[in-house]
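Across the two complexes that follow, chain A remains constant while its partner is chain B and subsequently chain C.
== the complex of A and B ==
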């Protein structure tokens, strides 16, 4: 993909931080509101796709290596399974929620009812959302990157 | 609680978790060194195999075992994801892990000069995970999820030799057929959830009513899983996929196929077990109708498999059609069991069918490994271009002879035992079926004798003068399979008594499966 005009770039520069923050918001609030790791990751990856469209695939490829993204993707999945395996160690059951009620990270147990405001709940669920988020960001971005690379091989050859 | 008890208790989850974790560690490990990657894959599958062994000894001694994810005990309403493992589950898991370990040993030298092997091993381990998950889960939706994982990962593996157009075509055909099939499974799961408000197999099996919607769900599930297992009218993807994928991949895809076959067993015997004897119309019980439909489809797949194998000139495709015929034998046994539910010979047929799952995996697997070895040294697929290989490839020739005798059901190899049990029991239902099965088996022997002469015997071809014997890891993989085939052939009772009979009992005694979960609340 070739780069676009200055107008498009300026708009993309303004929009990009908002997209990132919205995606991160969806990931961190995954255990409270609709959405979660996958949805937030998809939002962030679409922000990265915005960069790719406006600045062109060559510009992006000089800054980001797809091997590194692939490694991040693996790490997201490994993180997810590791948290599940830690459940066996700490609460004697696979996928056990060992952080809930522990007063540590995300350890609050809210009173029954609407507790949308308390982010510090959910036990291991937010951590798993982060792991899924990392996997989805890296995975979707590397797919878009490879597709744009494949489509621009012809252009570069000329 | 001792460590061993804790290990056995958690082995149900670890059997899924270990290959899944190692699949995603694979891209990182293979950055270090290619040999470390191969050792890691082998080691992790061996660890999984040890867990399966532990679980098998426990399940055979103490009956079904359940594992609840994320909670210590069951509470009502039953919303937990849970795995339930009984005799048939551990039997299938053993087959899957044997095939996976052999595939990894084989691909050590078979694919050593190829690109992208980190992704290959990742996908291979994912297929193994999905097959094990399908075989151990106690939840219909979970079954669908693992089915979908196996579709996508297998599709990418079938297209491994992407430079060949046919591999791409086979992969495309596979992904289209299996994703449409997986959606049908999802539809059936939705039907169950809408009616019974449950996704747990045991809970649905206890509550099932056989309403109009249940009939639709039964048809959808049997059709889709029969298709994934390679039953006749929907078998067209199987020879393509088996024939165009690398043989090591074929082995793991075969384990996913057999997991679908297990799905058919679980659905017919457990999920619909309570209502099998209900009569649907004209005093015809459901089990007789269903059994005869399966028998007809099975006979059609045996005939199609054998007749199409007769005219193939591509070796791997030929073996693919032989695999269709073998699937037909398994479904013939299952159909007989269901049609004659309660008769003494129904149990014999089920024993034959279940033992034939193991034998089919080993025999067809061995033939594919030999075909892969021939492709590795000659780079040719067609039977017309190869000949006289026995002069240089002595071990491979011996393995091929073992494989062909086993697949044709000749004593003293493993195929004989299971096929004999099938003939014997099917004869009591209807002698003609047994005669067709026997004749097709003889025809299969003739086909493979033809292949044996075309590839290994006959005059030496000038362009194949410098071929060498296959590398050691491939010979080792073939040797393990051949050894197992001979061992099962010589001591069939060992396997029948220790593994097959508990598996058949677990299927026939479906109330035990239900009460293990429903009674435990």
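== the complex of A and C ==
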């Protein structure tokens, strides 16, 4: 896939930071507003796909290798499993929410009913949102990147 | 009319009959049938999982195994794509 025209590049350069901010907002506020790790990760992967369409897969592959993205994807999966296993250690249940109600990180408990949003609530939910977000960003982007690069090879299949 | 045409019409009729049965037998809109689990989660999600977003607390806390399965599916999809589109050394 080759590069696109200067118009497309300019628009993509303008839109890319806003896409990143919106996706990170959806991931970090996953326990307060609609959305979460999967949705925000899909938004950020769409922004990376915009770069991929605009600049071509070879340009992107000079910036980041697919093995590094695959390592990020595995790190997200390992973090998710680790948090779920820590639930066994601290609250005797797989996927137990051991941080909820404690006064540690994300430890506040909101009042029942319609309350103001407090970012410091949710227990392990924000951590799991972050792990799944990293996993979905890297996973979707490495799928798009590798398929795009494979379709750009001229002598594909001899 | 050959046999394949008969089979296609028969299959279409059966699927249509079951489709309309399931449409007319469904509960009316806005009145779910079994609400005990819904009410319990809606009432207790802010105490138990300390989250204002009930959907996230269901996805990551009450039904964590389902999310684990989704993550496994994504992981295997990525592994399969990397394996299929790998660069073969010649």
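FYI, the second predicted complex is superposed on the first by the 152 of 158 C-alpha atoms of A that agree within 3 Å, B and C clash if a C-alpha of one lies under 4 Å from a C-alpha of the other, contacts with A are read in each partner's own complex, and residues count from 1 in each chain.
One rule holds in what follows: a residue touches a chain if its C-beta (ideal position, glycine included) is under 8 Å from a C-beta of that chain, and two chains touch if they have at least 3 such contacts.
Source: prediction; values computed, not measured.
Shared-chain residue A:117: touches chain C; no touch with chain B. Within the superposed three-chain model, A:77 lies in touch with chain B and with chain C [touch as defined at top]. Looking at the shared chain after the overlay, A:92 reaches chain B, while chain C stays out of its contact range. Which of chain B and chain C touches more residues of chain A is settled by the count: it is C.
Contact with chain C, but none with chain B, is seen for A:125 once the two complexes are overlaid on the shared chain. In the superposition on chain A, A:12 contacts neither chain B nor chain C.
Contacts of chain A with chain B, set against its contacts with chain C after fitting on chain A, overlap at residues 70, 74, 77, 81, 84, 94-95, 97.
The touching residues of chain A, counted against chain C in their complex, run 30-34, 36, 38, 66, 70, 73-74, 77, 80-81, 84, 94-95, 97, 100-101, 106-113, 115, 117-118, 121-125, 128-129, 132, 135-136, 139, 142-143, 146-147, 149-150. Contact residues on chain C toward chain A in their complex (touch as defined above): 43, 46-53, 55-57, 59-61, 64-65, 67-68, 70-71, 74-75, 77-78, 81-82, 85. For chain B in complex with chain A, the residues that touch the partner chain are 6, 10, 13-14, 17, 20-21, 24-28, 31, 67-72. Across the interface of their complex, chain B is touched by residues 70-71, 74-75, 77-78, 81-82, 84-85, 87-88, 92-97 of chain A.
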